[in-house]
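Quick heads-up: structures coming right below.
Shared chain: chain A. Partners: chain B in the first complex, chain C in the second.
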Partner chain A sequence: MSDDTDSTAASCYLDEKTFRLSCGLFLEHSSFLNDGWAWEEVNGSEKEGYMKKTVMVPCRISSTPCQSNQSRLVDGDDALLEEEQLCDQDEAVGEPTAAEGQAAVRYEYHVLYSCSYQIPVLYFRASTLEGRSLSLEEVWNNVHPNYQQRLLQGPWDTITQQEHPLLGQPFFMLHPCRTEEFMRPALETARAERKGVNYILTWLSVVGPVVGLDVPLSYALAVGPPAPKAEATTAASTASASASTSGPD
Partner chain B sequence: MTKLHSSNAGTFAKMSDNADSPTESQKDDPPTQQPPTEDSGLVDEKKKIDVLLKAVGDTPIMKTKKWTVERGRTVHSLSQFISRFLKLEPSEQLFIYVNQSFAPSPDQEVGVLFESFGSDGKLVLHYCKSQAWG
Partner chain C sequence: MADDKDVLRDVWFGRIPTCFTLYQDEVTEREAEPFYLLLPRVSYLTLVTDKVKKHFLRIMKQEDVEEMWFEYEGLPLKWHYPIGVLFDLHASNTALPWSVTVHFKTFPERDLLHCPTNSVIEAHFMSGIKEADALKHKGQVINDMQKKDHKQLWMGLQNDKFDQFWAMNRKLMEYPTEEGGFRYIPFRIYQAMSDRPFIQRLFRPVSADGVAHTLGDLLKEMCPSAIPQDDLRSLRKRASSTVLRKTKGALALTIIQDKSKTVR
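Showing the complex of A and B:
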């Protein structure tokens, strides 16, 4: 990361100021695309806030909950099935065809900063058009096939139900413990090629698709890292205000 | 989410055109088999693009790094291929990055990625494996 004033050059963590600035840059492009992201302040505090977006997502809500051994992969690549690593996935076809793509679910995503982990965390909630909240199993079932296999190895390690730290309401959360594991390669690769990275963009591009959140390709070209002198670079009015910023708590 | 990947199954490396049948299995050819496809100039160049795969982190390096891929192949399909090639454990998740630090949507077609990020006639993709969650 270009913000060498922090230890982020050596670590894969994110300080709160960089979080806000990175979100600001992200939000600039979002505004350009008009794709629905917004910054929410908490208690009118400039220091505390999060990114939020609500979107309708077509999904598979079937009556078949995600069993521990049952794959929801809909991959038609039978060649894969020959591999022992997919021995659990014999049920390649587990889709409720009739319902697939028919049901629309309202997903609300929140990107929060975790002081304790020093990274962003993705919270979300999902409900049907009738207002019924999705169950954890339904959420699992709705995870993109690309991640299903890994998910099945430990669903509770991946998506769990948590109280939203700022709103105090029940949300789902994508578990953040190993964020560093998938961030590190991307950050190091970029650094090796002397390219700055917008942590939020990289992170969200990885975690978003897991839970139905799409980050359009144009972000990759349009959103850069916060400037090195990351003070009130005012990436966006939303992310400004580092007046009293003395780093994280 | 549609089953885009179902039509992208099958042979990868040489990218035969009859890659619709899933059972036209890759035969798990060890990398020593055919050479990468420098000869991409042949078959329908327009329908296929050159992809260079680069490992990052502790991820094993594929012996064959350069592949010719149909434009319509999705990131998800590519990810499956690499995972299979590398024999990843079920608990390991493969991540693919374009432009060093952006993970394209699994449903994204590589042809589109090539248009945006290709250079010198090829698309460079970084990949890494990770336990990822938890």
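Showing the complex of A and C:
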């Protein structure tokens, strides 16, 4: 591997500081648009935090929640089902439409940083207005068919239920293993054109829509990468990021 | 690693005698008898409790049964944590057997992950292995292994086969000193009284001046409040080869904070 390839490979990953700074810039524009993103700090630690946004969307849900949430009473040895098949619509297809309805569902999106993989990861959860959590099947049913196709093709691109690493509660997560694959072209192009790229913006624009999260076009025009002299301006950037999350006045 | 073999075996074969009692409000056709089982510390609740499920299903109607879940003193037990971690975290100071309550209704959606099949457990297990290898070897070892090797790791755990498991796991535990050993130590620190589920951060096995980090160094940096200053001297084990809960290529440390500030 040539040095060039190595440095390109390295740049497909995101260090924690750049994550924070990129989020900061993203949040500034969000504040301007008043579209609901906020920075959540962890345990009063300035360094550790994540971006969060809550939206209400109309969704198809089961009106008989017990049936959709109930796991099949299978023996522990049921290794037939691959994880992709768990996301399959077999059961939903068989269900009569009378068992489904439209309802306003509260989707909560969190953008966290994974230090193990050095990339951002998208977590989300969904619940009805009555506070009932949506099942994996219901969430899957609300993924656009085009995206369902794509997700089913790659075993490591599925939506799975995971424990939120900071809150300890069940969330859904879009598996991060392919992040490098789709970030590489964007980052390489930017490099070639000597233009900076805001990693978080680029990444979220790709993964967000898969799970119903839109990133308006104005972000692409307004949000750039953190300044190269980030070391000198870290305090200032973080301060302005914190300020911007105090919300629109 | 050869001298560690005894310790590895002791860790693998660790068992927790457990008494499973059906939740009193569950609807049964006859009175429910408790069920006793020795649980492997390194495994997962939903993987080793088929017998528990069968035992209680015998006296219940199908319509009264949904996804089985476990609770200890009102706290839903996270099946995706190793059993040993759950016990050490919540019940290590109590008398054995460990008393766990079994539920078949009102699954606590906000607290527990669903576990409909063994594939879900396998996926979680493998995902932990991969993350640990990402930290140790940038994922190179796990990616170089074949699918059947991954399967062997899982089957070794599922069927409680130490040799089968370690035939594969030893590749993941290789510490090439000439290449600087592990890139980072995969660890998680669990604390009973904490907002966050665990502490997990990047930590190098060796300091900038080439001195091997110890367990004490790790704890001092990640969890200083847990260690009284004068106890640090007694934590001499090397972080990178310590066999404290060495499971699945990842190090899981359990810290219980009680008045005496015991470190396990």
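Heads up, the rule we're going with is that the second predicted complex is superposed on the first by the 176 of 249 C-alpha atoms of A that agree within 3 Å, B and C clash if a C-alpha of one lies under 4 Å from a C-alpha of the other, contacts with A are read in each partner's own complex, and residues count from 1 in each chain.
In this text, contacts are C-beta pairs under 8 Å (C-beta built on N, C-alpha and C of every residue); 3 or more make two chains touch, one makes a residue touch a chain.
Because the structure is a prediction, the values reported are computed rather than measured.
S.K.: Tell me the contact category for A:Ser133 with respect to chain B and chain C: first, second, both or neither.
M.R.: So A:Ser133 only meets chain C here.
S.K.: Can A:Glu41 be said to touch chain B (first), chain C (second), both, or neither?
M.R.: So A:Glu41 meets neither chain B nor chain C here.
S.K.: Between chain C and chain B, which one touches more residues of chain A when both complexes sit on the common chain A?
M.R.: B
S.K.: Just chain B (first), just chain C (second), both, or neither: which does A:Leu174 touch?
M.R.: A:Leu174 contacts chain B only, not chain C.
S.K.: In the overlaid three-chain picture, which partner chain does A:Gln162 touch, first (chain B) or second (chain C), both, or neither?
M.R.: A:Gln162 contacts chain C only, not chain B.
S.K.: Please report the chain A residues shared by its interface with chain B and its interface with chain C.
M.R.: Looking at chain A, the two contact sets intersect at 74-79, 82-83, 86.
S.K.: Show which residues of chain C lie in contact with chain A when the two form their complex.
M.R.: That would be residues 46-47, 50, 57, 62, 65-67, 78, 80, 107, 109-120, 122-123, 131, 134-135, 186, 195-198, 200-202 of chain C.
S.K.: Which residues, counting only chain A, touch chain C once they are in their complex?
M.R.: 42-43, 66, 69-79, 81-83, 86, 115-117, 132-133, 135-136, 160-170
S.K.: Mind listing the chain B positions that touch chain A in their complex?
M.R.: Touching chain A: residues 1-3, 5-10, 22-26, 28, 56-57, 59, 75-77, 79-80, 84, 87-93, 95, 97-108, 112-113, 116-117, 126, 128, 130-134 of chain B.
S.K.: For chain A, which residues count as touching chain B in their complex?
M.R.: 58-60, 74-80, 82-83, 85-86, 88, 95, 101, 144-147, 149-154, 157-158, 174-175, 177-178, 181-182, 184-190, 193, 195, 197-198, 201-202, 205-206, 209, 212, 214-215, 217, 219-221
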